[in-house]
Amino acid sequence: MKKIEVITRNYKLDDVKEALTGLGIKGMTVSEVKGFGRQGGHKEVYRGAEYQVDFVPKVKIDIVIDDELVSDAVEAIAAAARTGQVGDGKIFISPIDDVVRIRTGESGSEAI
Amino acid sequence: MKKIEVITRNYKLDDVKEALTGLGIKGMTVSEVKGFGRQGGHKEVYRGAEYQVDFVPKVKIDIVIDDELVSDAVEAIAAAARTGQVGDGKIFISPIDDVVRIRTGESGSEAI
Amino acid sequence: MKKIEVITRNYKLDDVKEALTGLGIKGMTVSEVKGFGRQGGHKEVYRGAEYQVDFVPKVKIDIVIDDELVSDAVEAIAAAARTGQVGDGKIFISPIDDVVRIRTGESGSEAI
Amino acid sequence: MIQSGDTAFILICAALVLLMTPGLALFYGGMVRSKNVLGTIMQSIIMISLVSLEWIYLGYTMSFGPDVAGLIGDMSHFALAGVTAAPSPDYATTIPHIVFMIYQCMFAVITPALITGAFAERVRFLPFIFFSLLWSVLVYNPVCHWIWGGGFLATMGVLDFAGGLVVHVTCGVAALVACIVIGPRKGFGKRSFIPHNLPMTLTGTGLLWFGWFGFNGGSALAADGIAATAFVSTHIAGMAGMAMWTMVEWYHSGKPTTLGAASGAIAGLATITPAAGFVSPNSAVIIGFLGGLLCYLAVLAKNRFGYDDSLDVVGIHGVGGLVGTIALGLFASTAINPGGADGLFYGNPSFLLTQLIGIGVVGGYTLVVTWIILKAVNAISPLRMEENEEEVGMDTAEHSESAYQA
Amino acid sequence: MIQSGDTAFILICAALVLLMTPGLALFYGGMVRSKNVLGTIMQSIIMISLVSLEWIYLGYTMSFGPDVAGLIGDMSHFALAGVTAAPSPDYATTIPHIVFMIYQCMFAVITPALITGAFAERVRFLPFIFFSLLWSVLVYNPVCHWIWGGGFLATMGVLDFAGGLVVHVTCGVAALVACIVIGPRKGFGKRSFIPHNLPMTLTGTGLLWFGWFGFNGGSALAADGIAATAFVSTHIAGMAGMAMWTMVEWYHSGKPTTLGAASGAIAGLATITPAAGFVSPNSAVIIGFLGGLLCYLAVLAKNRFGYDDSLDVVGIHGVGGLVGTIALGLFASTAINPGGADGLFYGNPSFLLTQLIGIGVVGGYTLVVTWIILKAVNAISPLRMEENEEEVGMDTAEHSESAYQA
Amino acid sequence: MIQSGDTAFILICAALVLLMTPGLALFYGGMVRSKNVLGTIMQSIIMISLVSLEWIYLGYTMSFGPDVAGLIGDMSHFALAGVTAAPSPDYATTIPHIVFMIYQCMFAVITPALITGAFAERVRFLPFIFFSLLWSVLVYNPVCHWIWGGGFLATMGVLDFAGGLVVHVTCGVAALVACIVIGPRKGFGKRSFIPHNLPMTLTGTGLLWFGWFGFNGGSALAADGIAATAFVSTHIAGMAGMAMWTMVEWYHSGKPTTLGAASGAIAGLATITPAAGFVSPNSAVIIGFLGGLLCYLAVLAKNRFGYDDSLDVVGIHGVGGLVGTIALGLFASTAINPGGADGLFYGNPSFLLTQLIGIGVVGGYTLVVTWIILKAVNAISPLRMEENEEEVGMDTAEHSESAYQA
């Protein structure tokens, strides 16, 4: 099994979710993050004091799936999240040793 | 070493924490996430406009531990977090190559 | 490629970011987390009811980089984040199978 | 004859008392968990429409209409018949009758809103509406009549300047009954119920204090020396309550908290309410201190008894109203207000007895009728949310909304 | 001669109306996405300085200066010349002239602030300032003069107690034009625009209601029976609007929402505004119900038409002002206010016609002039934010700030 | 004789000034980091109890009791002896004496609360309480007596309508001394201290502006033409301050910010405070502009000097009070207020000199005594939090609370 971590623009969340459910993927976990990258940040000014804010709001989507689904999922995600502008984000793929569903105690592919 | 990622109901956090400290595990890192899964979401209405909100609040708990502790930990977590209702969540286990304790520079099992 | 996960004090974020950009690392993703560890928590009191709050605010920084950069990065991070007090946090290193840049579709080291 | 100064004052005071209801919504809303904040706010603000509507058709005439046997007002003022821009011959004769009516309306609105703190985070909206409406009609209106509308307690000489009995004791007793009948929140005693937004609670406290000047000061029904006395003792007791709670808590649990300061202020303000226009500033200091101290102890005691009066309506409003009503029996002075009475400390023990009877009657009546209403409503439509809806929270389960988006 | 009671009342009412602008800022601010909350608040509060400055040099004299041909006031009161602490011979003769001036200033401030809800989350600050200033001068001041400053609509007998036409119809029509000219938000119809902080919106609602007592009650310009009538009908219509919206929404979409309760309250308050001092409390109940119902339907209808009136200025203020102005033609009664008129239901159909003419004139004028102003401003400096700035949000793009830090 | 209009007005004004303290708590609370928001709010609201208690026993009689050698009031009014519902023979003779007393109390409350912005986010609560109490007794009470209680500065002819010297200069000077003695926040100059919740700050701004009408308008102590003048110039200077700061900042740093608009408003309001009832509306425009401009420059200058006046008490209140007191020496006109004076621009340079002497005396005295108090308190109980407690934040370290829960 693999974990796919997607970091992308907030407002692309719904599109990515739909792309994934389109592939029959039924679960994912989302968190709000701040990203630093080529996209750059912006200036903020408080009573004359300037601050450079380098972090921009992003959303992170974690999906754990079976190995054979990975390439389709990555393609679908990239298609859904792409705007072509700097800051579209990344997809990271990493290994998962095992999964357990808490409710039932099932493990492995069963549990996803 | 392994990383155990637990995604479960917010109000189970304290129970899971106690289960883990009961096994002598002394550290963990928690974040608030939103989950999409079989549990389903709910409808929201703002001035007559209806929205389907698919994400439900969950908590994510990351614990890095030595390999030999993994199975005990998983069992304890599952026992503590289980309600038997859909939405109890998942446990993901993944490999960790190394750990460093920032304060001392220690690494490996020492650092946990 | 590796993922470096840093969990450290909030106010060290800027220092760590500078240390990493000093090494030419151009991207990272940050989230707010709560940590449980040796540092301990504090007591809160609401209308006479006492609660022990075991979690302290921390920041988590995820950086995906090529393998050869890892040891330098870890050293730089640890140096930047260290105060010597309990609670400085941890660095976790884990394997990444692949990376995709959404905007371009590039993958592997290219995509970071 | 209409006096513009008095009219200006009572109109603005009515506006101030109206503002207390959203103030209360914030005070309570900050103390619940974030998934219940809208539901909690809603339980307060909906009273503005529910009770105001009831008031103009039923409440005003039941409370202030011509007296029937000392028990209730008759229907003469149904739908505000005879309530015009001319002064009433009976009440507040220097301001338009409708000004008196609307000022009193604001009191009727906030009283059932106060009760909601007792069963916060676990009640369904529909039966809650039934309960609040019935309670306003069957408890608030009669008690208001007995004391302020020329009913039998007024005849007996029971005094209540601005609602120690009419507002605080009734809501406190109702709160106690309600939180016992409805039962504790899921996880009570195991999970921690920590306020989700204390700055919101503190904002509410500020608005409540501000509004309380209208509540107590305006109860003089004129911009005169009595209003001045009431206004001053309100501020004094509020600050004394805050000072006392803060000090006792600091001593007792090691730190002074902002929620404690806010709670002490509300305790002091509630405690002075019945006495505001009848006592000297120096008595107000003592009454405020007493309020702060005894309400703090009452809130601590609750944790022993184990009922889930979630936002401490009993401990603060109930005990505050009780202590204030008794304190009035001790500290009242006709030197301050010739229209009032002398209390025990001014040589008149019988007035204290009168006040105790007032408490007994109002408390007993409220207890019984509230219990009956709760049982009746529960029989038709259960007040308690279903377990998993309670888990999900009132905001989505009862109102299909979320309070906050990142 | 100056009456201290009246002066006290109108000064405090002016303060209450001032408070409505920050109240509105919170009401609107809570409904936008968090990245736009500061920009939204700014669009309201900046009116306090922009329009007040305009008012003391131009607005007051254009609105209330000696009449020129029924169309506009002359420049006699430029820079408040002749506006002193002595009473005006023409307006509000029991209070200092400057009190009348500052009270009216607060109305001029909030009106363009109300419009901003229509084009929330997508407008650049500089051209927005141009638009608001021009609109105040070219729309608000003339219309205000026509109705309240002795202009031709006043002469015709058009009545507007506290701003159904002057404030709500003008801002509603301007809102409609503006949201069509400026176009919908990026992603409109696809992404969901969910309020980021409803407790903020509810806090704003509370402050607006509180301030509305000053808005309507103070429009009597004295602390008298008319003020009492206006105050009471304001409260009654607000609560009836809230009750109606809540019930209709509960029935129609399955749950009563807090945003619905707040919206209904504002709808009821807007609807009663033109009628407040001219109708009986029982008429106010009906007017409030009508406001709640029709504004609800108007907001639903919007979703059909597909224009992006983001915070429903048209549906709530425009429709509210319209309905209230017509309702005044139906329910006005000289028994309540001898200085008013009798409406259709009191045997005088011609007054209804007068009101309809008033609506036609004010609506038509506002529509045309607003459109011209928008086009002119757009030609000089485009109102609409650039796409990626809109994505980033007004707070950082227009104001270099962030509302919240963890 | 008691006038109901005046009594109504001053009572409501007292309520408005009370509301400024929670307003200030929000204004300041929004500007700190989220871990310190409760501690910051607490430092303001606790003044309501601390200083009110001090006021009724000591403060009122020291400030307004019978004069002793031009320096201080005697103990005649200890515990409000002789302060009743009858008017004072000396002050505000148309309202009850206790109304004057409680109105003045609200000023005494907010002044030390204003200082807290200077040393925000780093002071321990216990020594802070000592400091504030001593400062109220040793600085506020004497200065208040000198200027408003018939002391030597009043005799010399120094004028201060509503607290430019008594409130703003004293708190500004104390702020400067305090932030230097206490030292900068940990990480000052390296880490960024960004406001955690600007909508909270803007809410506070709205409440402060609203309350300021009571602060300045009520300082006429009657609902008359002077009150009208003061009310109007307050609004005008507030809006002019906001306009000026916004424009200067826009020009200077590229964007107009909401914090800038709020800061400019407060600067304008503070600047007009000493002058409010003595100057014409047109002068108020200029004074407001001056306030906005000079306070902006002062805040920028601070960044050069490197002291950590965290929330700009010196730059806004100190400089505002200073500029306003001088401006009064320029713009005062007996045509506006016969009880006032003529300033330089009205042909009377000596009055400007008098004002400068007033500034010198008040500023010098405050500086020295504040420094002594700080040193004395530090010797007994160090004001500064320990390093790691400062890191953890005041909310948990000092008050065992958290402001927000998800």
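Order as written gives the chain letters A, B, C, D, E and F; numbering starts at 1 within each chain.
Everything that follows uses one rule, which is that a contact is a pair of C-beta atoms (placed from the backbone, for glycine too) under 8 Å apart; a residue touches a chain by one contact, two chains touch by 3 or more.
Note that the structure is a prediction, hence the values are computed from the model and not measured.
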Those chains which touch chain F and also touch chain B: A, C, D, E
Which listed pair, A-E, B-D or A-F, duplicates the contacts of C-D in over half of its pairs: A-F
Chain centre separation in whole Å, for chain F relative to chain C (CA means): 44
Approximate Å spacing (C-alpha centroids) for the pair chain B, chain E: 51
Shared-contact residues (touching 2 or more other chains) in chain B: 31-32, 44-46, 85, 94-95
Overlap residues in chain D, where contacts from two or more other chains coincide: 3-6, 8-9, 12, 192, 194-195, 197, 203, 207, 253-255, 257, 259, 400-402, 406
In the complex, chain F residues that touch chain A: 192, 194-195, 249, 252-255, 257, 259-260, 263, 296, 299-300, 303, 312
Residue numbers on chain E that touch chain F, as the complex places them: 2-9, 11-12, 14-15, 18-19, 21-23, 25-26, 29, 37-38, 41-42, 45-46, 48-50, 52-53, 56, 79-80, 83, 85-86, 95-96, 98-99, 101-102, 105, 125, 197, 200, 203, 207, 398-406
Chain F partner contacts - residues on chain A that touch it in the complex: 44-51
Residues of chain C touching chain A in the complex: 3, 17, 26-31, 64, 94-103, 105, 111-112
Residues of chain E touching chain D in the complex: 3-6, 8-9, 12, 16, 33-34, 194-199, 202-203, 205-207, 209-210, 213-214, 217, 222-229, 231-232, 235-236, 238-240, 242-243, 246, 253-259, 261-262, 264-265, 281-282, 285, 336
